[in-house]
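Given below, in the form of structure tokens, are the structures.
Each of the two complexes below includes subunit A, the first together with subunit B, the second together with subunit C.
== the complex of A and B ==
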């Protein structure tokens, strides 16, 4: 069992001893049950930290932020930052380490095991609540979520509330950490790619129709990109101007910037954006599901990344985010790599 | 002009309006959006709040300014592309969203009238629906000089009285729509008017979220330009465009040429939504960015809505719809930010 007091104690210690600059964790949100990211600098504030099945966010994006912020400072504080991670989030750290985007000493990892559950899906919860306001949510011994609402409780089997990714999770406890809270009990997942079956059974024509309809909804707010810890490029193909501009960049270099994607939110451009993102995440996505969670128009983006995760597994036996010493999929070559799909 | 319309007669009314393009809320899995009504029977006003406001109908995310090409003699040829005549009715407009259009009117009107915006605005009739219960837990219209039964910006306001609607037509266009189906509307009885007033009064009490003393915010903001407050508040911001793209009052845009062919030259000049939350919004071609970080961009969003707009137009540029709160992936809550601004410093 995870005791949040252990987390607070460790956070307090590392802050007090000056081992970290600040700790990134979860705190109670203003907005009903859902928490929000917390940035704790003062050891006296550690009681703000919480841990429960609503802690959905993958906070590792803030490590990318930290690196970018530091790059702009003349005399940056070189101490690491503390960060609370779940199993999936810890795998994002592994990918960032593999790609040498961050160093191990940049981060003090407070790992928490999801043990036998995972995190809840806010939309599934809303559908169960039918307008009622949830005050608390806990897991009982029988694997049910017990939701406290005004004037009573609602009991729901965990599978009905868990985020889709948690139902297919292959790493329910952190794979890299400085402190681990909770048991390393492996949750049994027999069909890690079950959610893809329905999509895979569709014909090419049907899939085209499905994605045309879905991606037509996209308003290009780029929340899926913004929340993704793997989307750390200084310059993204969809940005309208070149962020790599310096005082030395010539006018013709600026004028010669290739426009890969138009800003118009029309199906062709939306397809390019989402395809480019999906391809750039192949062998890197650790299925934290954040892209799909944040989409304000409910585009099922996880399908795209899950499919590529499956391809990486089936074609190359590659699982992203488990071994920091293994080279990343796209930067390595093995003799036994298949090549029959190269035409 | 006040009337009563039986709920079951709504499709018959819509049938009489077939010369118009009609939009109404429709549910797509978990979200509501405004969709074209093809069969009048499908119209259903039992909805909550739409993902995007009707702003997307008046000020679409993509607008073609003009088409251009060069003829055989290399002479430029520009073809104007003003929106077509297409009289439109939007059913189920929430009072906050209608009020929001009165604010974008200020921006696209004034000394320079934006022909694209006004072409769509002038041919669109807004049929509102009062919010008897708040359609979102994050509604706070009362705090920003709005109300759940505000008539501002609407042509007709419907209020749900159980099996009928209380219909208030507020403009010439509103009266026109009623006259197209005169036999469906009956005069209200004394009891109906009473019910209406009661429901409106109760609906105000049901709004839980509020910003107290918002009046203190604009002057306070003036002294907070350099404050480290913004760094703290923006720590969790992801720099996505959700808060501004979902906002019914945000109106910033970008203009780009989309070139379809270089020889011969053909293309279109396009206006698309843009947002102050994207780093490239303020990026200069020199490589200098005057709003280089998340803190300065959050500051811009708050200052624009609660200081600059107030100074320029004597209105808050926010109607309390709550979309930015509901949809922020990291729980940044504009009410919380404004509360902190009001109480900030001495």
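== the complex of A and C ==
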């Protein structure tokens, strides 16, 4: 069992000893049950840190922000940042290490094992609450979530509340960490790509209809991109105004800017945006599910990334985010790689 | 100022004009935005055609030109030189391939014309954004490396050395000579193989410009054309060649008997051995795979009897680094594995031999001193069956390709057999007789007419031992009947395959293999001795099955190609290389991983291009998620405009 006090103790120690600049973790949110990211600088504030099945966010995105902020500072504080990660989040760190975006010494990783469960899905929870307001949520020893609501409790079997990705999780405890809290027993997942089955059973025509409907909803708020730790490029292919111009940018580079995608949220351009994002995440996405969680239009984005994850696994035996020294999927080539897609 | 572009469309006789309305293409292009001149001509590559381009550039003050013609592999240089002659940078000239990629593959005139127009427009869009580039100049190390000391390697080394350049000849076995030195006589003249090869071997060993490294293997190669760095592993022979007097006392006392590779396993040799009497370098080697131990306590008998104290158990493997400017790969062939040919009893019955074993049996230096005797009981075989295409031309079970030399050497084998055993009978099972080559057909006819060899057109179904004979069941498809022969010996014309370890070497050299594992040439017709990597050339059976004259000819060709590099003061490298946009590069290093030429490296968190190593293949460009690395004159913006033009926009 994970004891949140152990987490607070370690956070306090590293802050007190000046080992880290600050610690990124979870704290109670202002509105309802769901927590919010916490940035703790003062060792006395560590009691704000919490750990429970509502800690859904992938905080590694803040490591990307930290790097970008640091690049702009004249005399940056070179100390590492402490960060609380789950199994999935730790895989994002592995990918960032693999892509040399961050260095291992830049982070002090406080890993927490999800043990045999995971985190909840807010939407599933809302369905169960039927308008009631939850005050607390806990897992009992029989594997049920016990939700305290005004005037009683609601008991729900864990799999009915867990996020889809947790039901298919292949890394229920962190792959990389400086401190690990909780149990390291591997969770047995029989069908890691079960959620894809229904989509895969559809005909090409049906899939086209499905995605046309889904992607037509997109308002191009780019929340999916903003929340993704892998979307760290300074310049994104969809932004023509956001072109990173520096002192080194030559006139021909400026002139050579291409508008690959129109800004307007129309279906054809939305398709291009989401396809490009999915392709750029092939072999990099570690299925933290954040893009889908933050989408205000409920577009099932996870399908796209999960499908590519499956392809990488089945065609190339590749699993993103497990080995920082392995070459990334798109930059590796083996003689025995399948070529049957070449027609 | 707006750039002025000229377009020149070639008819190529009817090669292009047959399916493309060339005049219409030129007319449409004339209306294309930014095109100032658009003309057509029957043969643009002819002198008048080139002059037309040169004059037009001068007269109309063109900034760039597009020539719509054949593949750029053919005439890009021609037209770029014309552009240069007219006073503009050669890279301001682009080729629109409307022949191989259009007229030759289409039948419909309207569609062909429309496509040719789009291809040409897309080249116009590209050339408009081309940068003027100057070739990258690099110095040359004027030495060559030859890998493999068979006849091809020997010939190439001698040819290069005789022009005065230094050559390093690397051979992995203790002696040079390759498979040719194992042969008895050679077709079509039946002269003794050793007699014609050994003078060349001696010449190699005495040549002041050749550094011979036997018992050595290439371990690592880095660098680029003109400047390769090679690491060569020299394995220890444990015998000092300078001290060794070839007295042969050591082999008499050596207690270990091993398979004799030179006799293709028909005899044994000691763990300390000289591969064959004429070996070059003439010295012994101690094969540690069989030696009981390199310490006197384990055995030490050879060192005890060695009077000149040539045996040195402390000899260590050495890695020797060499700088060379060009490399010739002549790694030769091996025979198709025995275990794959069990249907012919190969590897199962002692008297079923492969061609090289039969060569040894016929050879005066062989295990039977040139008498053809059955290995099993040393009796003279009276009926011998030769089976051609054993493993070749059999795409279902074995190799799809023809091993090419078997028709000829089988005829030779049957002939030699008849010369040794005049009262014997030779049968040859064959699919076809392929005897193209000077004097080859006459040679085969001689086997039939003078030596009474029986040719049976058909395949052998089964070979098995029965009462001391080898029963061969086959079919004669010309007579349409089944054949059963009680043979005393069966000789298989086993397929040739690339020599063992060739695929690993290919990876080290970063050259390419074909689907059968033979080394791939840069162009099957026009660049047959060049590998896909510049500065590396191919010779001999490593590239494809071939006989001695062909191997020698290719070796001399490869040598001439190598010399064409070594004779230069400086080389020029194409400036179409990768360029990094530092502000976009995040230093993820994916391009470094994928670069097939090791041209990229990470420095201070950004990628750096070694322009000399870069071949401009664009793999990095395709890999980069951020479009931060681009090959010059193939930038995303150019590709974008090309796509737009191709789509008719």
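We adopt the following convention: the second predicted complex is superposed on the first by the 332 of 343 C-alpha atoms of A that agree within 3 Å, B and C clash if a C-alpha of one lies under 4 Å from a C-alpha of the other, contacts with A are read in each partner's own complex, and residues count from 1 in each chain.
Here is the rule we go by: a residue touches a chain if its C-beta (ideal position, glycine included) is under 8 Å from a C-beta of that chain, and two chains touch if they have at least 3 such contacts.
Keep in mind that what you see is a predicted model, and the values were worked out from it rather than measured.
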Fill in: Touched partner set for A:331, first subunit B, second subunit C, both or neither
second
Practice prompt. Applying the touch criterion given at the start, work out whether A:296 contacts subunit B, subunit C, both or neither, answering first, second, both or neither.
Written response: first
Practice prompt. Could you look at A:234 and tell me whether it touches subunit B, subunit C, both or neither (first, second, both, neither)?
Written response: second
Practice prompt. Have a look and say if subunit B or subunit C is in touch with more residues of subunit A.
Written response: B
Worksheet item: Taking the superposition as given, does A:34 touch the first partner, subunit B, the second, subunit C, both, or neither?
Response: first
Worksheet item: In the superposed arrangement, which partner chain does A:101 touch: subunit B (first), subunit C (second), both, or neither?
Response: second
Fill in: Which superposed partner A:43 touches (first subunit B, second subunit C, both, neither)
neither
Worksheet, complete the sentence: subunit A residues where the subunit B and subunit C footprints coincide 245-246, 249
Discussion item. Give the list of subunit C residues in touch with subunit A in this complex.
Written reply: 129, 131, 581-584, 586-594, 602, 605, 623, 625-627, 635-637, 640
Worksheet, complete the sentence: Touching subunit A in the complex, subunit B uses residues 28-31, 51-52, 61-62, 137-138, 235-236, 238-242, 245-246, 254, 256, 258, 270, 272-275, 278-280, 283, 285-287, 292-294, 325-327, 329-333, 335-336
Fill in: subunit A residues touching subunit B - in the complex, by the definition given at the top
29-32, 34-37, 39, 57, 61-62, 65, 69, 72, 123, 126-127, 133, 217, 219-223, 225-227, 239-241, 243, 245-247, 249, 254, 262-266, 290, 293-294, 296-298
Worksheet item: For subunit A, which residues count as touching subunit C in their complex?
Response: 99-101, 232-235, 237, 244-246, 248-249, 252-253, 255-258, 260, 280, 327-328, 330-333
